[in-house]
């Protein structure tokens, strides 16, 4: 699918906002899948629900779709209360992880399905469906069966099928998980393109943080049925609100630190022998935790008396192509860092000086 | 593929179309308790003669009685033809059947009329047959057994495992046997006889004529049945010899009744009269039914047992046909005979 | 005040359904004949014969108008009550309350009047005492009453849906209500009626002591066979037989399953085809063939007796004969259960064991066998239940070995004619089968070791160890030879003059049964069997799709919907599997001979009995295939704006073709070969093939019975092929696997 053969067609957008007000979903009396979650998705925005397996992100998505009913709380779409409304009656479409293409119908019949179900005339449905297929670059594939398409093509049929209904909200449930790595990047860009072109409201579920960072306007990180943090990709990456978020979005070394003083929002932080000046993020003097991304840690040959550096020894060095990953033992524990200087590999067992970048390390607020 | 499917569908529809025949306005529902081919003959004969459509069900007399009783609140049948007289009498006693005096009565044998009168004209005799037994000559010979001629012969120990009769609980024939023995020997001795017989019995079958059929096929040696059933097997070519026991024997009167509150009473009466005519009764020979027919002018087969030459007891249909006596005898048989070891 | 969106939508959708049912209800009350037509459901004579004023054919409204059956008047109120809420913006609660009130009151009143006033006026004496003689009577429900009953039922379910039950899904609630109603009416009601008849003496008076006396009878529970040379009670006979048959069929089934999958045996498909034969064989035929082989004058008996110089005996009559016949008939069932189980054991388990240095025998003993053990128990219980319920074989081969199923039959039709005793015996039989059924569900229901993951396990099944393989081959060969002989005898038997006497080849029997002549009106079906043959085809062909529909809807509700009381719902729908045919026959006669549900003597009662007897199979086939369908297909359809009804029709049904085929074929075949319930329910107009065959067997016409049965076997084979064509192959080539979303 390329942008060239995309015709804007008659597919319009009726994007609407989504709002959760203290929504809880329980199965039976024991299991709480979603616990008192409130969130807001602006119209025309792509928001990703991100989290590890079992965090409640899919349940949240399914509650937007109406496939699960909230046990408590309210769900609003476009400002009206849809809490009690079943899936059929919600103006929401969904692209499933397995695509859920009807295997006994042709591609065109699949795309027409929702149009026919909502009472459109056959002729009009076919026209719209063809536009939809055109939009995803599958014009001319209408008479095939889903089983005759590749995985990526099936995925695009699923998108077209959802798009032609001009839904208020479009939902994606791990849409890339059944594609191979190469295709993923392509498809995710396509999805983002269409979303921005048609200014759709999209809620997107994934457990892959890289995917989330790449496509989202905003990301909602979930953990244990609750929201851990909400923010733009950059905010989440650079200013994680908790150890969990810091570690889940990209990798992070969490190290113990001491704040000796805070002045005008700037904290003086001691990590071993190293002293850093960082945004205090509301912390007062005392012990704190510091998150440092692996690429923000530098190692260099050890010279006695290096200031602002930790002393460590390389436990392990792994060459992974575009960079080298080091595991370094220090007084603060093992640190994980990467170096793009692949030409100069530090041999295992050698003594090194470990430094932190000036920007990058971030203090973690005392979290719940 | 699509075309094959269409073709298949068309064939299916056509088949269904063929099957649903239109329903004639005039009809009669006919329960038949005689042998299947005889029942068929009567049904098609009546349809031919009158143009009235006949819906026939063939079930044994016990089954038919049960059905009529179950349907008593809402009768489905019109006329019940054939089968031993007892259940007909019982139905009359329980008010399940309708009284009717046919104009044909003048042509009938006395035993037929007296059967009718004993039930307030709620039933009538159409044929009669005497009880007896038959044996398979080949098997008898193969086992070096003497030829039996009397009831008493059947008690001989050498016949152990060679005699078969139906269970009186399930078969009218066997009940007739029980009642005959009781009338012939008196109740106490009669039961002693049944106990002696029990030792020789290899199986109490469920259906009345099964013992002689088993004998015909070589599955049994001696079967206690109505003689005409045994004659039929002999006439079909099986090595069956028919015996009229020397002490004398009982008999049944195959009967016909009109079902009370039937929905086609008029047609049922037409059937009733028609079934009593000599012509119709003579046709029984076509289906190897060797009973003696009730119309005096009906033809009988030379193979049929001649009722005149058999010593018949004075069978008390009134008494032994009543529910109370039947229940009492059956219970006694159940308690005293069937539980004995063999 | 403006109602929330969901309320508006819910009432709007509900309203559409209510309008539909209101229309149908009006049709029932004002247009169609209210009472059952004497000529049957499918005759249309009434249209030209005094309709709409003749009181036999009049619609309810006309009856009331003419001052007859005035007790039908109040029905108009609940019928029209929903008009209060239609076409008006109403509060959802009010909407649902009105519908529930209309539905419940209408339904209740309709049945109450039906049960209260029967063919002889008031049915209960206290009513006569209270109101005096009625001086009028009524027959069973006809088109009109049935439609009105449906209307009230769906008012109620729509009302409940509007309450928000099951997301307010009108279709799902309606389907649940519908299934519950028909199961209640056609399974529970007759059984209850039978239980109550067991509690009444012959004069109809309530009596617990009569029940106790009949129940504890020596004939049922006697244990004399342990101490003396005479028979035990029928209950013990049945139990003993069922245990033996259950065990042997399971063993044989396992042997075949192993031979078919684990022996490298190349003709496994032929073996499968051979094991399917007994399923499409009418009852008695196997029994007859066994008599012809092993009876006193049977070929084998005579030969063995001659060879060993023994006195031939009647050994086959009784337990041995029934056992052989049932083994032949029910081994295929065990085979079909076990082949799934044996194939379901993942090869990688066995491969794992072998890579851990276990020998083949050790692997079989410690891995394979324990994995298939629950399947064995399952097969055993199925064989047990089938044996308990079997009627045809004991009838032909029983000798003096009485079992419950035949005893029930003769308690009704025998000279004793004791319905109460039949009911008591039926209760005993039901106790056994229900216990087995309950055990199967509770004990095994959840315990499945099927290890298939759907992930395309590489590898193939390892072969059996030799010390198992050879005995398996031996047993399977004997069985195959035996089956082939039996069926050879059957086919041959249809072509000889008289079995055992005159073995001249002849077409006589086929001509008698299936002769076709031509007269001035065209084709004339002269053969004596045509009538019952066409009836059987008609009934079986009608029952099969109904069974499939009811079964699949039930399966859909069970697999795809969550609702309270689902466990009980499932139990109720599967229950009829454990109710033997004779019990069904007896209870149907007791329950459906009188108004309001007056069905005896019609073809409908046969169809209904088949639908409910075979429903569990439809449900199972549906459940099995539906759980293979990715649930996100349904969900995709829902999020695309289709409602559940459309989803069911457009997505689920087309994808379930194999299950539909299985259900259709099975119920068709069962309807063609069923005897135990049928024998109570056939009537003059609707005589079935099997009951015709019984007649011929009773009459010693083995030739005709066998000729007819052979024809039926071929007809069933043809029908299976026809169904296959009609339903078509699944058009999708990709297997759909279940994926679960975890997130």
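By letter and in written order, the chains are A, B and C; residue numbering begins at 1 in each of them.
Following the convention adopted for this analysis, a contact is a pair of C-beta atoms (placed from the backbone, for glycine too) under 8 Å apart; a residue touches a chain by one contact, two chains touch by 3 or more.
Fair warning: this is a prediction, and the values are worked out from it, not measured in the lab.
Inter-chain contacts peak for the pair B-C.
Relative to the C-alpha centre of chain B, the farthest chain centre belongs to A. Of all the chains shown, the one with its CA centroid nearest the global CA centroid is C. Centroids built from CA atoms put chain B at 87 Å from chain A.
The geometric centre of chain A is 53 Å away from that of chain C, both derived from CA atoms.
Chain B and chain C have centres, each the mean of its CA atoms, that are 34 Å apart.
Chain contact summary for the complex, chain C toward chain A: residues 4-7, 9-10, 164, 167-169, 630, 632-633, 635-644, 646, 650-651, 654-655, 730-734, 736, 739, 741-743. Within the complex, the chain B residues that touch chain C are 1, 4-5, 8-9, 11-12, 15-16, 18-20, 23, 25, 29-31, 35-37, 40, 55-60, 62-63, 65-66, 69-71, 73-74, 76-77, 86-87, 139, 143, 161, 167-172, 174-175, 202-204, 206-207, 209-210, 213, 216-220, 233, 236-238, 263, 326-327, 330, 334, 339-342. On the chain A side of its complex with chain C, the touching residues are 51, 53-59, 61, 65-67, 69, 80-90, 92-94, 96-98, 100-104, 113-114, 117-118, 145-147, 158, 161-162, 165, 171, 173-174, 205, 207.
Contact residues of chain C toward chain B in the complex are 38-39, 42-43, 45, 118-120, 139, 218-219, 224, 228-230, 291, 295-297, 311, 314, 317, 395, 399-400, 406, 410, 412-417, 419, 498-502, 528, 534, 537-538, 541, 589-590, 593-595, 598, 600-601, 682-685, 687, 695-696, 698-702, 722, 725-726, 728-729.
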